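Chain nomenclature is as follows: A, B, C and D, assigned in order of appearance, with residue numbering initiated at 1 for each chain independently.
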């Protein structure tokens, strides 16, 4: 049971993933880096960090009203060899479906498939339930089904690499998104800017808005998840630069009750907390509530684009920011697959813009009609079945 | 003519025998001292009250688990039941205050029903409770995800959340009294009263020696089934408080069953039944909660916490196991 | 006649294989109607790979459960074993054997610790192995940020991906391990004593069995099997993974497979052959539901029902047997 | 006492053992020579089984020495005793019901070839062993759980024989055997003798003892009374040594005709799987003794009357009205109480207090009858009436002596004001003082108008307590005896024609 809990947790964090650059996680072991506030994580790769931060300021190319078709600094690759007459059979090996981010994303993907139904004769989806071992088997299974293109959302970067390589060898176009793999063999890898960008945006905002040298509490979901380590390592750079005092780095297991208890105890221990940074938005509302319940002002805080947080932000007039890891990236793999099967060029990697919700554009994303755990950045309003499909 | 001698020794109250509450009280005292040294303000009435309030759901679950364990069974389904209840509550209430009370009643009925099913499968179909409740765990988690399409929907009303989140403020002496603490006190009193009642004594007897109990006219299957129902009800109350405290989430009940079983064992209750008190079980839960708070205060690295927790559990249980077997 | 008596005649086909056959037959039909094909090569390979991973653990779990104990720490032992193996290999074939040896040795050490807690300190196995699991979790959490190490290419190619026709090498290894475990249970003193300890510890003791030693050995073997599962997973994943055991729910799934396979949770009755049947049943349900693209959560509900139903059927059967 | 032959296989000197303060063995000496059958006789509770457990490594003695071949031995467990060449056939079955006959027979000493259990040898040897005790129908591959009681006993014997023991202890080996099996056992014992094995033979059946043994040791109240050559003694002497008559005068007076009331419980032609055509009448005010060997249906009768394993045929009336006793609850509601034979397993709830134990039945069934406080007060009074000695009524019952535990169990039933009391071995494992207290209580209950059915294998007790005795054999009532019957009368009925033909 503990294991199941951990799995659900893990998938909760999965929403918050990105490619760990050139994959430092793949080979090197790392010592206790995640837990302390001292030494920097071994996951921190300066070059990737610099590249991602540069992308934050870059201007995307592509239609402005369709961020899921936009690309940042694209390098196009030729796909003429994959050209094939439609309609197509597209297969998708999914890491898991057990958290709101992935649910919203998958519904968006299904809607995209429906929107393109004239060109897609069959869409096969296999859920690995958060198990590496099962996803490896799933991919192998899909290879025997005559798919025209294979989309993979890997459960773990390093461990899925061999399976994806095997799929590439089978000759069909492979498209990887969300988390990456440690191989260049897929036709393209689609994801937004990444974890350094996410972590940096939140940490920079919090450290700028709080009083100089104040106390920051970092709330993280789980230790030892490579993708979350990247967010934290970028945040650490920002905090060190701003010379704020990170009084604690705690793991919440994505459990709102535990989050509230931790914040409560830290408030008691330090009297005040001047800033809260989170590596994922799942428990942002719980953290805000903890301050409210203790009768303390809510300090500068970051969350994610889940509507419950945006609502609290608006209602309580918080000093907040919401870096995002947009769910609209689930549309892109379908679009990419169809373009590849048409023999059109696609960018590789396909970097999507990663907008940040700020006080200025908050109202644009807040939609009172959608459920609280819906993600604002779904890019799904123009898709068939909106809004009912996502409710 | 020799009659039963009654020697009311002073020690009788704090029972030194195995299964007594003295060891857990000792551990609790040590932890309190450690907290007091590091964080004296924690012991101020208002903060202590808040602590008790936020610990209430776990303590309630431990009490519920106690009934099942003392009767010789396990309930691994309580964590998933809490999750299911919170998610169901959010979807049914859908932020409509008027639906609060009907939904609360529905949750209690739902908890009792799950307990009833667990109990009947275990006692009538002779499936070991470990398996029954493991199966129920999978069913509940699967069903609740299925029903809500993988993401909790709706929302809890402020009325619903009040029980777990709010407090009666400005109480003289104590500062504030969380509603959750009131609920806890009521349930604890009920639990203690129940364990002193005929049913409670019979329940322990069933766990200790079901054959004797049966030959003395106890309907063993019914008694055990009631224990499961009580556990389900406790999970329902805990879900109401926990949902109130922290809102809707699929994580609401994750891992709580192991926490509750650990707490019960820590409180001197024997797995396999027949020994230990409900007060010990609840103190065991309180001790675990205090341990987590202590680790927050001392800044123990998050990753190492499970090691500390594991070591303490093994130590405590090993000490009590060797103590009781040496008798 | 004499040939017949040489076979273990009294063990009839466990009910789980009937269930397995039915499941596969119905699944095949339903998938066919749905326009798919259940028994194509890639699906079979996938099914057997999933079965192999769980199978190693479940066979080990069978041993402790037969002895009346339980091991909830296997998931963490698996993770630990993948890491020890992959980090020691560090991508080189030369270190393959020492790495596998070290991984198994570390796992066996955990098993020894479990066994001693259960026998010497008389801690209930449930709590003891839960506690050891927490200790290991702490170690893994504080020392690993994610996948680490690299499995030697030789192992990946052989154990991880090699197959004979539709049967992966790993599944053949599982069959070998199962055979070995069956052999141990039926042909060694230890095996006989283990089942006796699980059946009635007092009878075993009075018959001269050293219960404690037997139980400790069972725990060591169980952890060894978990360690082997770790080595196999390392070969599949290409590196060590600190969460692969818990993600895979190997603790609970292994117990589920064991009881579905007809082994009594209280010990003393059952065997590893049934367990492999249970593993195959769980894997088949996976495969069929994959083909039908049934929601994973619905599958979980089905699993819960199957576990309870299977044990209820066995309990009924035992009851009827006792009554006759 | 005759001179012990020079080469003694097994020698016991001054063995002492106490349980919870009750002295069970006190300075017992014993020796067994090769090829000898040494019988150990004594009443129930004389300490025979405890002595055998000590010899076979089941218990450690508090004092005294065990020597094998003249070398002192300390047995830390059964394994040590086995290794020293001592095997035992247990009175209670020590078998694993889910394993085969061969596996059970060889448990703990499986035949090994090249490190592996040789199943074929195991089966063959089992077959030979079974054949050597004349059991040819039993397959070595059969699962023990599917066997009948007699067959299980055969397996138990084969199990001990498989040890190649030089000293073999047989604790009531024939208790559950059918007649032809007893004959076969005789032959077997003689064959074992020829092989030079020393046998310790514990039995109630004096016929067997005289038929088989060379010497007889009599135990009484944990002490060795005497050891005699079988040829130099006779049944009367032996019985006198065993029972002693001094205690018989302590039995309370029997019921007079004034005490006897109407028929309270009547059983007509009732039966179930273990009982056949039972007819029985039990009057208010009387103590009806039930005798018979173990497995003769004595306990099955009590359990049928209490609804544990109900009668499936026939009818039972209570005060003339038909009753259906389908469960303990229905029996209790009908006013029946049952003090079980297995006190530890079925009588007490070991870790609960004296008071909780005494209140158990009232809480389960009679709860609605009276107020809580009144009930507790009444049970406390009852505990005082039956004279329970405890440190307090909140003491855990497992720390009490057997006699006091039994009194608490009695108080539990008295709280329900039962009209019919079923006692199954009420004084087994209880020290002498407490025994007579329980006898007094039983008689007092009868005098107060209850109908009492008392099962006992302790013949003096059965004869001393009963107003009337029925003896059971093979699930039937073999006959009824008046109060002044003798032990021989009871035994004759109990063992049936074997004893008759031998006499």
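Couple of notes before you dig in:
In the analysis below, contacts are C-beta pairs under 8 Å (C-beta built on N, C-alpha and C of every residue); 3 or more make two chains touch, one makes a residue touch a chain.
Predicted model only: the values in this text are computed from it and were never measured.
Touching chain A and chain C together: B. If you take chain A and chain B together, the chains in touch with both are C.
In this structure, the chain pairs B-D and B-C differ in their number of contacting C-beta pairs, and the larger number is found at B-C.
Comparing the centres of all chains, each the average of its CA atoms, the largest separation from chain C belongs to D. Distance from the chain C centre to the chain D centre is 45 Å, each centre being the mean of its Cα atoms.
A separation of 32 Å divides the Cα centre of chain B from that of chain C. Averaging C-alpha coordinates per chain places the centre of chain A 73 Å away from that of chain D. Shown for chain D are the residues that touch two or more other chains, of which there are none. Each of the following residues of chain A touches two or more other chains: 1-2, 4, 32, 34-35, 97-98, 223-224.
Residue positions of chain B with contacts to 2 or more other chains are 137, 141, 145, 150, 258, 301-304. Viewed as a network of touching protein chains, the structure does not reduce to a path, ring, star or complete graph. By the definition of touch given earlier, these chain pairs are in contact: A-B, A-C, B-C, B-D, C-D. Put simply, chain B touches chain A in their complex at residues 39, 41-42, 47, 50, 54, 57, 76, 79-80, 137, 141, 145, 149-155, 165, 242, 245-252, 254-255, 257-258, 292-293, 296-297, 299, 301-304.
Residue ranges of chain B in contact with chain D, taken from their complex: 1-9, 12, 17, 19, 198, 201-202, 204-205, 208-209, 211-219, 274-275. Per the touch definition, chain D reaches chain B in the complex via residues 306, 308, 328-329, 332, 338, 340, 345-352, 354, 356-357, 359-361, 363-365, 367, 372, 380, 383-384, 387-394, 396, 412. Put simply, chain C touches chain D in their complex at residues 5-6, 8-10, 186-189, 191-193, 195-196, 199-200, 202-210, 268-269, 321-322, 324.
Residues 74, 121, 125-128, 130-132, 134-143, 145-146, 150, 258, 261-262, 265, 271-272, 301-311, 313-314, 317-318, 321-322, 325 of chain B touch chain C in their complex.
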